[in-house]
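Below are structures written as structure tokens.
The two complexes that follow have subunit A in common; it is paired with subunit B in the first and with subunit C in the second.
After this line comes the complex of A and B, so read on.
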């Protein structure tokens, strides 16, 4: 498939029912330069029913579950049309990355952060993109400092004995407030 | 439409003995209902819509959507309509209808080889005859067919199926769907879905519960409960379950089923009556004797004390005095009361279950066996098909008796004992005894070898079946008159 659009699909084994997709994080978003792997399952009734798509790469986005990678996108549900293709699906997912729909969230915690503290959301999303999707680092000096602080906070929680992943999830959900995150981890 | 007001046994296999005069004598509620096929429900619904539409004079499908929104209450719809000063747009908005021109009458089959190279853009089959609607999106008929079938059968969507093209929200018309889909089951399901809200909003209608049957029962009064569908299914209009006479109350049936599903009763019995072997954890019921227990599990054979569950050896063999736990009398009394209730429940449940299970087995294996036997006597003994039907007729009687017995045990469980219940139990006993004899006769593995043996078998079966049917009706009559006279009192308040 067209590499130029930044989307790509390949077979996992020799059946056409399981595919692996890949999309590039679109420019001017926290996901810029990131590589996102998708698990695609084709139902037997395809294309009359939509393919099942989830994010394998972890991502911080209101419409994608930060835990399971499940996606909330209308065309993967009731707005699917039989004339659509995998290409349209991947391109739609790419455009979902550039324009989130916080009012129709999959991950309520992320969506709340998106609406209440957009800067924090953008930096958290960037942090996740750098860690999990090898996205390009930030340019803005303030952002660079903020992200460095995020890493420090994670280190701090890890010294207390929590795993890196748990620490990251707790801090991200609590706007990087160490005390709140610790409380959340203990409860 | 099949009108079935007076003679609802006309669906039966016209039993020689279960004669109509006899059944009509039974003091059952006069059953008045119609069995309506799914497509007739649609035409009835459309007639109804058209009557409402005399005011609006718009497309039928739009009025249908409006009526769905107003829960098939035309007065409210018309009231709203006049309130909004004939402003249809507002009404549509309120009903959540996106006013998109539906290509209803104007649906045309266009062969659009010219529009592109005739390749269907879904299956990529070249030179296919592609068809489409006013929105001019053309795909091959086979793709449309699979698409509609998937929507109807898998997704349960019928009302708002849209065009297959990306971002095209033209609704597909009923005519297009019906002219494209193949298979009777798909059509039936489509009708059911379209008429779904019409049926469910109307108290007088219910679908036949047999899977795959598209018929609907329309009762003329809500007292009507016992329905015989033209597919042969006998069911209860009250709860939508298979017919459960002589047990009249759907509520009791529900309660009984809940009790049975829970299995809590069984567990409770285990708790009250058994203890676990301290070594292998097998459940052990103490039926009598001393407290020196030896586990029956041959791999275990652990010897222990029933009271303290400790190893038996330190208790000695000559004496018994375990002072670790003393059962107080009150506790024992309570236990024995619960135990009695448990035993009572199990008595009825076992019989209920046995008849249910027997009926299920008889409907499977015995039906096959009877068919084989009937074929055998036709082939070997020069008997016509009609003459060989006595086997099947006896089997039908057997099934009916089993059903009756099955539900009679639920009734018996909940009834307060009275002189009438003694009569009821006698009737039940007699029916049960004869049903078992009938079952034994049918299940007899010996095939008649000559005409004499065949005659003998036929006579025996006919007599037994006729007697069973008679006893079944007697039981039913007795129970019905009990309901009418208010004799039956229940142990629990429902």
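After this line comes the complex of A and C, so read on.
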């Protein structure tokens, strides 16, 4: 598939029913330069029913579950059309990364942060992109400092005995407030 | 000398081709190209290859008929020719030489008719003095030409769902297009039907898989049409075809058709009455049976009741009186 568009599909095993997709994070988003792996399951009834697509790479985005990677995108559900292809699906997912739809969220926590504190959302998304998708680092000085603080916060919770993953999720959900995150982790 | 052969019907627009009597069946030889048998060559003088058009049959239809000696030529069997030759244009048959070439060595003395040029099939096949036949030929010829053009254009089109070349699909029965009534996107009939039956949501399944325009029906077609007028004609023909078939839902009035007056199929009662608005007059008769039919009168009901219960009920007299009253008033039950 078109490398230039930054989408790519490959076989997982010799069956065409399980595929692995890859999309590049679009520019001018926190996901810029990130490499996102997708699990694609083709139903027997394809193309009359949509392929099942989930994010394998963890991502902080209102329309993608930060826990399961499930995607909320109309064309993967009731707006699927038989003339669509894996290419158009992956391109749509790429465009979903550049234009989130917080009013129709898959991850309510992320969506709330997106609406309430957009700067915090962007930094959190960047942090996740850097950690999980090898996205390029920030250029903006303030953002660089903020992300360094995020790392410090995670270290702090890890010293308390929490796993890195749990710490990141808790802090991300609580706008990187360490006390709130600890409370969340203990509850 | 006469040759009795199965003369195939002349279809306007098809190439006229002289054929041998004993060779392939008429239909296949008709499709051979004219270049295989140029009429001006000496070989066409051979009696066995010479066939002509004639309009001699009473119904005005054009038929190939064997012509063994209708055309005279300077060389060749002059004696035989001269025996049958008559006044110019009197044979009642189209000159096969003039038909293709637009010229004939006999010129105005040819005993056959020199037709006018049909601009569609490029043959001099229009009978000069019969405007009705001319128009008839040209109409069919034009239709045939546009069909050929459409067939040529649709040869390489692929279905947007299965990506197969529609007219090259493995199953010959599936080599058909399914045209959507409201847009111009290309699908094979199988895929578009599958799409429309696979979706649970009514709105989605009626939408074109490409542009999402809602189409309420699909038209099966062996060629892809790109001309709106052509498509309209196709739709019309399709609807007329369906209107001759009984609606499965309507079931001759026993069931209800969800498409009502918009249904393309025939809504007819067992007696052949067409029900245009899908509202079937059904009623329960006095014996509790459903009767499909025209609007009943209340007196009919009483009439039935009387017939069945004349001997058993003591209300017979009252019923009869009531029936008489209703008959007079002509009341319909609601």
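Here is the rule we go by: the second predicted complex is superposed on the first by the 187 of 187 C-alpha atoms of A that agree within 3 Å, B and C clash if a C-alpha of one lies under 4 Å from a C-alpha of the other, contacts with A are read in each partner's own complex, and residues count from 1 in each chain.
As a working rule, contacts are C-beta pairs under 8 Å (C-beta built on N, C-alpha and C of every residue); 3 or more make two chains touch, one makes a residue touch a chain.
Worth saying up front: this structure is predicted, and the values here are computed from it rather than measured.
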item: Partners on subunit A (subunit B, subunit C) - clash or fit; value: clash
item: Which superposed partner A:48 touches (first subunit B, second subunit C, both, neither); value: both
item: Touching partner for A:82 - first (subunit B), second (subunit C), both, neither; value: both
item: Partner chain in contact with A:184 - subunit B first, subunit C second, else both or neither; value: neither
item: First (subunit B), second (subunit C), both or neither touched by A:17; value: neither
item: Contacts of A:109 with subunit B and subunit C, given as first, second, both or neither; value: neither
item: Common interface residues of subunit A - those touching subunit B in one complex and subunit C in the other; value: 45, 47-49, 81-84
item: Footprint of subunit A on subunit B - complex, ascending; value: 121-122, 137, 139, 143, 146-147, 150-151, 154-155, 162-168
item: Complex contacts: residues of subunit A adjacent to subunit C; value: 45, 47-49, 78-84
item: Complex contact set, residues of subunit C against subunit A; value: 160-162, 185, 191, 194-195, 198-199, 201, 204, 207-210, 212
item: In the complex with subunit B, residue positions of subunit A that touch it; value: 45, 47-49, 81-84, 88
